[in-house]
Amino acid sequence: MIGVTARYFAVFREQVGQDTETLSTDAATAGELFAEIATRHGFADSMARCKIAINDELAGWEEELTDGDVILFFPPVAGG
Amino acid sequence: MIGVTARYFAVFREQVGQDTETLSTDAATAGELFAEIATRHGFADSMARCKIAINDELAGWEEELTDGDVILFFPPVAGG
Amino acid sequence: MTFEIIEKPIDVTELIQTLRDDSAGACASFEGWVRNTNEGQDVTSLEYEAHGPLAVSEGEAILAEALERFELLAAMSCHRVGHLEIGDCAVWVGVSAPHRGAAFEGCRYIIDQLKQRLPIWKKEYYRDGHSDWINCVTGKTLDDA
Amino acid sequence: MTFEIIEKPIDVTELIQTLRDDSAGACASFEGWVRNTNEGQDVTSLEYEAHGPLAVSEGEAILAEALERFELLAAMSCHRVGHLEIGDCAVWVGVSAPHRGAAFEGCRYIIDQLKQRLPIWKKEYYRDGHSDWINCVTGKTLDDA
(Lines give C-alpha, C1' and ligand atoms only; values in the text may rest on other atoms or scores of the structure.)
Protein backbone atom coordinates (compact mmCIF):
# COMPACT_ATOMS: atom_id res chain seq x y z
CA MET A 1 0.00 0.00 0.00
CA ILE A 2 1.22 3.47 -0.90
CA GLY A 3 -0.40 6.83 -0.45
CA VAL A 4 -0.79 9.11 -3.50
CA THR A 5 -2.68 12.27 -4.39
CA ALA A 6 -4.97 12.11 -7.43
CA ARG A 7 -5.87 15.23 -9.39
CA TYR A 8 -8.69 15.12 -11.92
CA PHE A 9 -9.18 17.35 -14.97
CA ALA A 10 -12.16 18.38 -17.08
CA VAL A 11 -14.77 15.60 -17.42
CA PHE A 12 -12.93 13.43 -14.86
CA ARG A 13 -13.17 16.21 -12.28
CA GLU A 14 -16.90 16.49 -12.91
CA GLN A 15 -17.39 12.74 -12.69
CA VAL A 16 -15.43 12.44 -9.45
CA GLY A 17 -17.11 15.54 -8.04
CA GLN A 18 -13.87 17.07 -6.78
CA ASP A 19 -10.50 17.96 -8.24
CA THR A 20 -8.26 16.22 -5.70
CA GLU A 21 -8.39 12.98 -3.71
CA THR A 22 -5.86 11.30 -1.42
CA LEU A 23 -5.76 7.56 -1.99
CA SER A 24 -4.25 4.42 -0.57
CA THR A 25 -3.62 1.92 -3.35
CA ASP A 26 -2.05 -1.44 -4.13
CA ALA A 27 -1.49 -0.32 -7.73
CA ALA A 28 2.18 -0.61 -8.66
CA THR A 29 2.06 1.28 -11.97
CA ALA A 30 0.32 4.28 -13.54
CA GLY A 31 -1.77 1.90 -15.65
CA GLU A 32 -2.93 -0.17 -12.69
CA LEU A 33 -3.93 2.98 -10.82
CA PHE A 34 -5.80 4.34 -13.82
CA ALA A 35 -7.76 1.09 -14.17
CA GLU A 36 -8.61 1.09 -10.47
CA ILE A 37 -9.78 4.72 -10.48
CA ALA A 38 -11.66 4.40 -13.78
CA THR A 39 -13.65 1.51 -12.36
CA ARG A 40 -14.36 3.22 -9.07
CA HIS A 41 -15.57 6.48 -10.65
CA GLY A 42 -17.08 5.02 -13.82
CA PHE A 43 -14.78 6.78 -16.30
CA ALA A 44 -16.16 5.94 -19.74
CA ASP A 45 -13.14 6.83 -21.89
CA SER A 46 -10.77 4.04 -22.89
CA MET A 47 -7.33 4.18 -21.30
CA ALA A 48 -5.77 4.40 -24.76
CA ARG A 49 -7.28 7.88 -25.21
CA CYS A 50 -6.37 9.15 -21.74
CA LYS A 51 -3.09 10.11 -20.10
CA ILE A 52 -1.50 10.20 -16.70
CA ALA A 53 1.16 12.53 -15.40
CA ILE A 54 3.23 11.80 -12.31
CA ASN A 55 4.48 14.86 -10.44
CA ASP A 56 3.81 17.12 -13.46
CA GLU A 57 5.58 14.85 -15.99
CA LEU A 58 3.63 12.79 -18.54
CA ALA A 59 4.09 9.12 -17.66
CA GLY A 60 3.87 5.82 -19.51
CA TRP A 61 1.39 3.23 -18.23
CA GLU A 62 4.25 1.02 -17.05
CA GLU A 63 5.77 3.72 -14.88
CA GLU A 64 6.04 2.69 -11.23
CA LEU A 65 4.37 4.63 -8.46
CA THR A 66 6.10 5.84 -5.32
CA ASP A 67 4.59 6.76 -2.01
CA GLY A 68 3.72 10.48 -2.06
CA ASP A 69 3.36 10.85 -5.83
CA VAL A 70 0.88 13.34 -7.23
CA ILE A 71 -0.97 11.65 -10.10
CA LEU A 72 -2.81 13.72 -12.72
CA PHE A 73 -5.70 12.09 -14.62
CA PHE A 74 -6.19 13.54 -18.12
CA PRO A 75 -9.25 12.67 -20.20
CA PRO A 76 -9.01 12.79 -24.04
CA VAL A 77 -7.69 16.21 -25.07
CA ALA A 78 -9.33 18.71 -27.42
CA GLY A 79 -7.32 21.87 -27.90
CA GLY A 80 -7.84 24.52 -30.55
CA MET B 1 -1.15 47.81 -92.20
CA ILE B 2 -2.99 48.72 -89.04
CA GLY B 3 -2.24 51.27 -86.37
CA VAL B 4 -2.04 50.16 -82.74
CA THR B 5 -0.84 51.57 -79.45
CA ALA B 6 1.75 49.54 -77.54
CA ARG B 7 2.15 49.89 -73.77
CA TYR B 8 5.17 48.39 -72.06
CA PHE B 9 5.48 47.25 -68.44
CA ALA B 10 8.37 46.78 -66.05
CA VAL B 11 11.56 45.55 -67.78
CA PHE B 12 9.98 46.04 -71.21
CA ARG B 13 9.30 49.69 -70.45
CA GLU B 14 12.91 50.15 -69.41
CA GLN B 15 14.22 48.38 -72.51
CA VAL B 16 12.04 50.41 -74.86
CA GLY B 17 12.81 53.60 -72.97
CA GLN B 18 9.18 54.76 -72.87
CA ASP B 19 5.89 53.31 -71.68
CA THR B 20 3.84 53.92 -74.85
CA GLU B 21 4.47 53.78 -78.59
CA THR B 22 2.13 54.13 -81.54
CA LEU B 23 2.95 51.62 -84.25
CA SER B 24 2.03 50.70 -87.79
CA THR B 25 2.31 46.97 -88.28
CA ASP B 26 1.63 44.13 -90.72
CA ALA B 27 1.22 41.73 -87.78
CA ALA B 28 -2.18 40.00 -87.93
CA THR B 29 -2.11 38.39 -84.46
CA ALA B 30 -0.93 39.16 -80.94
CA GLY B 31 1.86 36.59 -81.37
CA GLU B 32 3.13 38.12 -84.60
CA LEU B 33 3.17 41.58 -83.05
CA PHE B 34 5.02 40.30 -79.97
CA ALA B 35 7.68 38.67 -82.16
CA GLU B 36 8.09 41.85 -84.21
CA ILE B 37 8.40 44.09 -81.13
CA ALA B 38 10.65 41.66 -79.24
CA THR B 39 13.08 41.65 -82.16
CA ARG B 40 13.01 45.41 -82.61
CA HIS B 41 13.64 46.19 -78.94
CA GLY B 42 15.79 43.17 -78.06
CA PHE B 43 13.43 41.62 -75.50
CA ALA B 44 15.34 38.69 -74.03
CA ASP B 45 12.45 36.76 -72.43
CA SER B 46 10.89 33.90 -74.35
CA MET B 47 7.36 34.51 -75.59
CA ALA B 48 6.18 31.51 -73.56
CA ARG B 49 6.91 33.37 -70.34
CA CYS B 50 5.36 36.68 -71.45
CA LYS B 51 1.79 37.80 -72.01
CA ILE B 52 -0.15 40.24 -74.10
CA ALA B 53 -3.39 42.00 -73.29
CA ILE B 54 -5.57 43.63 -75.91
CA ASN B 55 -7.69 46.54 -74.69
CA ASP B 56 -7.20 45.48 -71.06
CA GLU B 57 -8.12 41.82 -71.60
CA LEU B 58 -5.51 39.05 -71.56
CA ALA B 59 -5.22 37.66 -75.08
CA GLY B 60 -4.05 34.40 -76.64
CA TRP B 61 -1.19 34.56 -79.15
CA GLU B 62 -3.60 33.68 -81.98
CA GLU B 63 -5.92 36.56 -81.25
CA GLU B 64 -6.35 38.88 -84.25
CA LEU B 65 -5.48 42.54 -84.08
CA THR B 66 -7.78 45.35 -85.11
CA ASP B 67 -6.88 48.88 -86.13
CA GLY B 68 -6.88 51.08 -83.03
CA ASP B 69 -6.19 48.30 -80.48
CA VAL B 70 -4.20 49.09 -77.36
CA ILE B 71 -1.71 46.25 -76.82
CA LEU B 72 -0.10 45.67 -73.42
CA PHE B 73 3.25 43.88 -73.28
CA PHE B 74 3.79 41.97 -70.03
CA PRO B 75 7.19 40.49 -69.16
CA PRO B 76 7.34 37.41 -66.86
CA VAL B 77 5.43 38.17 -63.67
CA ALA B 78 6.72 38.01 -60.09
CA GLY B 79 4.13 38.91 -57.51
CA GLY B 80 4.33 38.35 -53.77
CA MET C 1 10.07 30.31 -29.87
CA THR C 2 7.46 30.56 -27.13
CA PHE C 3 4.22 28.85 -26.30
CA GLU C 4 1.81 30.55 -23.94
CA ILE C 5 -1.44 29.75 -22.17
CA ILE C 6 -3.35 32.98 -21.61
CA GLU C 7 -6.63 33.99 -20.04
CA LYS C 8 -7.10 37.23 -21.97
CA PRO C 9 -7.94 37.76 -25.67
CA ILE C 10 -5.11 36.87 -28.02
CA ASP C 11 -3.38 39.91 -29.54
CA VAL C 12 -2.43 38.69 -33.01
CA THR C 13 -0.80 41.94 -34.14
CA GLU C 14 1.65 41.85 -31.25
CA LEU C 15 2.40 38.14 -31.71
CA ILE C 16 3.20 38.51 -35.41
CA GLN C 17 5.87 41.07 -34.50
CA THR C 18 7.78 38.36 -32.63
CA LEU C 19 8.24 36.47 -35.92
CA ARG C 20 10.09 39.31 -37.66
CA ASP C 21 13.37 38.43 -39.32
CA ASP C 22 15.03 40.31 -42.16
CA SER C 23 15.61 37.06 -44.00
CA ALA C 24 11.94 36.00 -43.75
CA GLY C 25 9.99 36.14 -47.01
CA ALA C 26 6.94 34.27 -45.73
CA CYS C 27 4.76 34.32 -42.66
CA ALA C 28 1.96 31.77 -42.29
CA SER C 29 -0.47 31.96 -39.43
CA PHE C 30 -3.50 30.13 -38.18
CA GLU C 31 -6.33 31.18 -35.87
CA GLY C 32 -8.78 28.75 -34.35
CA TRP C 33 -12.12 30.51 -33.84
CA VAL C 34 -15.05 29.39 -31.71
CA ARG C 35 -17.73 28.43 -34.20
CA ASN C 36 -21.47 28.27 -33.67
CA THR C 37 -21.99 24.61 -34.57
CA ASN C 38 -20.29 21.30 -33.90
CA GLU C 39 -21.48 17.95 -35.16
CA GLY C 40 -24.93 19.30 -35.88
CA GLN C 41 -25.49 21.04 -32.55
CA ASP C 42 -25.86 24.81 -32.00
CA VAL C 43 -22.98 25.95 -29.82
CA THR C 44 -23.44 29.11 -27.73
CA SER C 45 -20.07 29.28 -25.95
CA LEU C 46 -17.04 27.25 -24.89
CA GLU C 47 -14.97 26.64 -21.80
CA TYR C 48 -11.29 25.73 -22.14
CA GLU C 49 -9.37 24.19 -19.27
CA ALA C 50 -5.64 23.44 -19.37
CA HIS C 51 -2.93 22.00 -17.21
CA GLY C 52 -0.81 25.11 -17.57
CA PRO C 53 2.76 23.86 -16.92
CA LEU C 54 2.39 20.70 -19.01
CA ALA C 55 0.58 22.56 -21.80
CA VAL C 56 3.45 25.04 -21.98
CA SER C 57 6.17 22.37 -21.99
CA GLU C 58 4.32 20.25 -24.58
CA GLY C 59 3.59 23.36 -26.71
CA GLU C 60 7.24 24.36 -26.63
CA ALA C 61 8.31 20.82 -27.54
CA ILE C 62 6.01 20.99 -30.59
CA LEU C 63 7.41 24.37 -31.67
CA ALA C 64 10.95 23.01 -31.31
CA GLU C 65 10.06 19.99 -33.46
CA ALA C 66 8.66 22.28 -36.15
CA LEU C 67 11.80 24.44 -36.13
CA GLU C 68 13.89 21.31 -36.57
CA ARG C 69 11.78 19.62 -39.27
CA PHE C 70 10.99 22.62 -41.48
CA GLU C 71 13.11 25.51 -42.65
CA LEU C 72 11.62 28.08 -40.29
CA LEU C 73 13.10 31.21 -38.79
CA ALA C 74 10.64 31.63 -35.91
CA ALA C 75 7.55 29.96 -34.48
CA MET C 76 5.09 31.19 -31.87
CA SER C 77 1.81 29.97 -30.52
CA CYS C 78 -0.63 30.64 -27.75
CA HIS C 79 -3.82 29.08 -26.52
CA ARG C 80 -6.52 30.85 -24.59
CA VAL C 81 -8.32 29.27 -21.63
CA GLY C 82 -11.50 30.18 -19.76
CA HIS C 83 -14.90 31.07 -21.13
CA LEU C 84 -14.99 31.99 -24.85
CA GLU C 85 -17.81 33.29 -27.03
CA ILE C 86 -18.59 32.57 -30.69
CA GLY C 87 -15.95 34.20 -32.91
CA ASP C 88 -13.31 34.42 -30.19
CA CYS C 89 -9.82 33.27 -31.09
CA ALA C 90 -8.97 30.17 -29.02
CA VAL C 91 -5.58 29.34 -30.49
CA TRP C 92 -3.05 31.15 -32.63
CA VAL C 93 -0.01 29.75 -34.46
CA GLY C 94 2.45 31.79 -36.49
CA VAL C 95 5.71 30.98 -38.23
CA SER C 96 8.15 32.86 -40.42
CA ALA C 97 10.43 31.29 -43.02
CA PRO C 98 12.57 32.28 -45.98
CA HIS C 99 10.03 30.62 -48.33
CA ARG C 100 6.32 29.91 -48.24
CA GLY C 101 6.42 26.13 -48.61
CA ALA C 102 8.12 25.63 -45.26
CA ALA C 103 5.95 28.31 -43.66
CA PHE C 104 2.70 26.55 -44.59
CA GLU C 105 3.99 23.09 -43.68
CA GLY C 106 5.45 24.22 -40.36
CA CYS C 107 2.31 26.09 -39.36
CA ARG C 108 0.12 23.11 -40.24
CA TYR C 109 2.36 20.72 -38.36
CA ILE C 110 2.19 22.83 -35.22
CA ILE C 111 -1.61 23.18 -35.09
CA ASP C 112 -2.13 19.49 -35.90
CA GLN C 113 0.19 18.46 -33.09
CA LEU C 114 -1.22 20.99 -30.61
CA LYS C 115 -4.71 19.62 -31.15
CA GLN C 116 -3.56 16.06 -30.49
CA ARG C 117 -1.10 16.55 -27.69
CA LEU C 118 -1.82 19.61 -25.53
CA PRO C 119 -3.38 18.86 -22.14
CA ILE C 120 -6.31 21.17 -22.89
CA TRP C 121 -9.98 20.28 -22.64
CA LYS C 122 -12.96 21.92 -24.25
CA LYS C 123 -16.51 21.96 -22.97
CA GLU C 124 -19.20 23.05 -25.37
CA TYR C 125 -22.40 24.73 -24.21
CA TYR C 126 -25.39 24.22 -26.50
CA ARG C 127 -28.47 26.25 -27.24
CA ASP C 128 -30.71 23.52 -25.80
CA GLY C 129 -29.05 23.99 -22.42
CA HIS C 130 -26.82 20.94 -22.15
CA SER C 131 -23.04 20.83 -22.39
CA ASP C 132 -20.40 18.29 -23.38
CA TRP C 133 -16.70 17.72 -22.98
CA ILE C 134 -15.39 17.32 -26.53
CA ASN C 135 -13.57 14.11 -27.49
CA CYS C 136 -14.73 12.41 -24.30
CA VAL C 137 -17.25 9.66 -23.89
CA THR C 138 -19.77 11.78 -22.06
CA GLY C 139 -22.67 9.37 -21.89
CA LYS C 140 -22.16 9.06 -18.16
CA THR C 141 -21.29 12.65 -17.34
CA LEU C 142 -23.26 14.53 -14.73
CA ASP C 143 -23.91 17.51 -16.95
CA ASP C 144 -25.56 15.30 -19.53
CA ALA C 145 -28.35 14.32 -17.16
CA MET D 1 -14.39 38.14 -51.60
CA THR D 2 -12.23 41.06 -52.69
CA PHE D 3 -8.81 41.49 -54.16
CA GLU D 4 -7.12 44.86 -53.90
CA ILE D 5 -4.00 46.56 -55.18
CA ILE D 6 -2.92 49.20 -52.68
CA GLU D 7 -0.14 51.75 -52.40
CA LYS D 8 -0.19 52.08 -48.62
CA PRO D 9 0.93 49.60 -45.94
CA ILE D 10 -1.35 46.56 -45.63
CA ASP D 11 -3.52 46.64 -42.49
CA VAL D 12 -3.76 42.94 -41.58
CA THR D 13 -5.94 43.47 -38.49
CA GLU D 14 -8.60 45.21 -40.52
CA LEU D 15 -8.48 42.64 -43.33
CA ILE D 16 -8.91 39.67 -40.98
CA GLN D 17 -12.17 41.23 -39.74
CA THR D 18 -13.64 40.84 -43.23
CA LEU D 19 -13.28 37.04 -42.89
CA ARG D 20 -15.51 36.80 -39.79
CA ASP D 21 -18.30 34.24 -39.92
CA ASP D 22 -19.98 32.60 -36.93
CA SER D 23 -19.63 29.21 -38.57
CA ALA D 24 -15.88 29.65 -39.15
CA GLY D 25 -13.64 27.53 -36.91
CA ALA D 26 -10.43 28.21 -38.82
CA CYS D 27 -8.66 31.20 -40.32
CA ALA D 28 -5.44 30.71 -42.27
CA SER D 29 -3.46 33.66 -43.50
CA PHE D 30 -0.26 34.33 -45.36
CA GLU D 31 1.98 37.38 -45.52
CA GLY D 32 4.73 37.82 -48.08
CA TRP D 33 7.50 39.94 -46.57
CA VAL D 34 10.35 41.68 -48.36
CA ARG D 35 13.44 39.73 -47.39
CA ASN D 36 17.04 40.88 -47.37
CA THR D 37 18.47 38.27 -49.72
CA ASN D 38 17.48 36.61 -52.98
CA GLU D 39 19.52 34.02 -54.79
CA GLY D 40 22.63 34.93 -52.88
CA GLN D 41 22.42 38.70 -53.36
CA ASP D 42 21.89 41.29 -50.60
CA VAL D 43 18.60 43.05 -51.29
CA THR D 44 18.11 46.57 -49.91
CA SER D 45 14.61 47.35 -51.20
CA LEU D 46 11.99 46.43 -53.80
CA GLU D 47 9.77 48.12 -56.33
CA TYR D 48 6.45 46.53 -57.29
CA GLU D 49 4.61 47.58 -60.42
CA ALA D 50 1.17 46.27 -61.41
CA HIS D 51 -1.36 46.62 -64.16
CA GLY D 52 -4.08 47.57 -61.68
CA PRO D 53 -7.32 46.63 -63.48
CA LEU D 54 -6.03 43.28 -64.77
CA ALA D 55 -4.38 42.46 -61.44
CA VAL D 56 -7.69 43.04 -59.67
CA SER D 57 -9.72 40.98 -62.12
CA GLU D 58 -7.17 38.13 -62.10
CA GLY D 59 -6.92 38.28 -58.30
CA GLU D 60 -10.69 38.09 -57.94
CA ALA D 61 -10.83 35.19 -60.38
CA ILE D 62 -8.30 33.32 -58.22
CA LEU D 63 -10.28 34.00 -55.03
CA ALA D 64 -13.45 32.77 -56.75
CA GLU D 65 -11.68 29.57 -57.82
CA ALA D 66 -10.53 28.96 -54.25
CA LEU D 67 -14.05 29.48 -52.89
CA GLU D 68 -15.32 26.95 -55.40
CA ARG D 69 -12.60 24.31 -54.93
CA PHE D 70 -12.26 24.36 -51.15
CA GLU D 71 -14.81 24.52 -48.38
CA LEU D 72 -14.21 28.15 -47.51
CA LEU D 73 -16.50 30.77 -46.02
CA ALA D 74 -14.55 33.86 -47.07
CA ALA D 75 -11.35 34.77 -48.90
CA MET D 76 -9.54 38.10 -49.15
CA SER D 77 -6.24 39.24 -50.55
CA CYS D 78 -4.34 42.38 -51.32
CA HIS D 79 -1.04 43.21 -52.93
CA ARG D 80 0.95 46.34 -52.31
CA VAL D 81 2.73 48.25 -55.07
CA GLY D 82 5.39 50.95 -55.07
CA HIS D 83 8.65 51.09 -53.16
CA LEU D 84 8.96 48.62 -50.25
CA GLU D 85 11.64 48.20 -47.61
CA ILE D 86 12.97 45.01 -45.97
CA GLY D 87 10.30 43.53 -43.68
CA ASP D 88 7.39 45.27 -45.40
CA CYS D 89 4.36 43.14 -46.19
CA ALA D 90 4.00 42.92 -50.00
CA VAL D 91 1.04 40.55 -50.21
CA TRP D 92 -1.56 39.25 -47.80
CA VAL D 93 -3.97 36.34 -48.22
CA GLY D 94 -6.58 35.28 -45.66
CA VAL D 95 -9.37 32.72 -45.69
CA SER D 96 -11.89 31.45 -43.18
CA ALA D 97 -13.46 27.98 -43.20
CA PRO D 98 -15.39 25.65 -40.92
CA HIS D 99 -12.30 23.42 -40.60
CA ARG D 100 -8.56 23.92 -40.81
CA GLY D 101 -7.78 21.52 -43.66
CA ALA D 102 -9.72 23.58 -46.19
CA ALA D 103 -8.38 26.82 -44.70
CA PHE D 104 -4.74 25.82 -45.21
CA GLU D 105 -5.33 24.37 -48.67
CA GLY D 106 -7.37 27.34 -49.87
CA CYS D 107 -4.85 29.87 -48.58
CA ARG D 108 -1.97 28.00 -50.21
CA TYR D 109 -3.84 27.71 -53.49
CA ILE D 110 -4.49 31.45 -53.60
CA ILE D 111 -0.90 32.58 -52.95
CA ASP D 112 0.52 30.00 -55.38
CA GLN D 113 -1.83 31.20 -58.13
CA LEU D 114 -1.31 34.89 -57.37
CA LYS D 115 2.44 34.46 -57.74
CA GLN D 116 2.06 32.79 -61.12
CA ARG D 117 -0.75 34.78 -62.64
CA LEU D 118 -0.98 38.36 -61.35
CA PRO D 119 0.32 41.03 -63.74
CA ILE D 120 2.72 42.34 -61.11
CA TRP D 121 6.43 42.87 -61.54
CA LYS D 122 9.15 43.11 -58.94
CA LYS D 123 12.44 44.95 -59.23
CA GLU D 124 15.07 44.20 -56.63
CA TYR D 125 17.67 46.77 -55.60
CA TYR D 126 20.92 45.29 -54.34
CA ARG D 127 23.55 46.49 -51.91
CA ASP D 128 26.17 46.63 -54.68
CA GLY D 129 24.08 49.27 -56.46
CA HIS D 130 22.57 47.32 -59.33
CA SER D 131 18.95 46.22 -59.72
CA ASP D 132 17.06 43.45 -61.49
CA TRP D 133 13.55 42.65 -62.59
CA ILE D 134 12.77 39.28 -61.02
CA ASN D 135 11.86 36.34 -63.25
CA CYS D 136 13.00 38.23 -66.36
CA VAL D 137 16.03 37.60 -68.51
CA THR D 138 17.74 40.81 -67.56
CA GLY D 139 21.09 40.28 -69.24
CA LYS D 140 20.26 43.00 -71.70
CA THR D 141 18.53 45.46 -69.39
CA LEU D 142 19.75 49.02 -69.19
CA ASP D 143 20.01 49.03 -65.41
CA ASP D 144 22.41 46.12 -65.50
CA ALA D 145 25.05 48.08 -67.36
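We call the chains A, B, C and D, going by the order they appear; numbering starts again at 1 in every chain.
Here, a residue touches a chain if its C-beta (ideal position, glycine included) is under 8 Å from a C-beta of that chain, and two chains touch if they have at least 3 such contacts.
Since we're looking at a predicted model, the values are computed, not measured.
Participant: Leave out chain D only, then trace which of the remaining chains are still linked through touching and list those groups.
Facilitator: Chain D out, touching clusters read A, C | B.
Participant: So, what's the distance in Å between the C-alpha centres of chain D and chain C?
Facilitator: Chain centres of chain C and chain D, defined by C-alpha means, are spaced 26 Å apart.
Participant: Please tell me the distance, in whole Å, between the geometric centres of chain B and chain C computed from their C-alpha atoms.
Facilitator: 50
Participant: I need the residues of chain C touching at least two other chains; which ones are they?
Facilitator: Where chain C meets two or more other chains at a single residue, that happens at 32, 111.
Participant: Touching two or more other chains, which residues of chain B qualify?
Facilitator: Not one residue of chain B touches more than one other chain, so the list is empty.
Participant: What are all the chain pairs that meet the touch criterion?
Facilitator: According to the stated criterion, the contacting chain pairs are A-C, B-D, C-D.
Participant: Can you check the complex and tell me which residues of chain D touch chain B?
Facilitator: Per the stated touch rule, the residues are 32, 48-49, 51, 53-54, 58, 79, 90-91, 111, 114-123, 133-143.
Participant: Name, in rising order, each residue of chain A that touches chain C in their complex.
Facilitator: 9-11, 14-15, 17, 42, 44-46, 49, 51, 53, 56, 58, 72, 74-80
Participant: Show which residues of chain D lie in contact with chain C when the two form their complex.
Facilitator: 12-13, 16, 20, 22-37, 86-87, 96, 98, 100, 103-104, 107-108, 111
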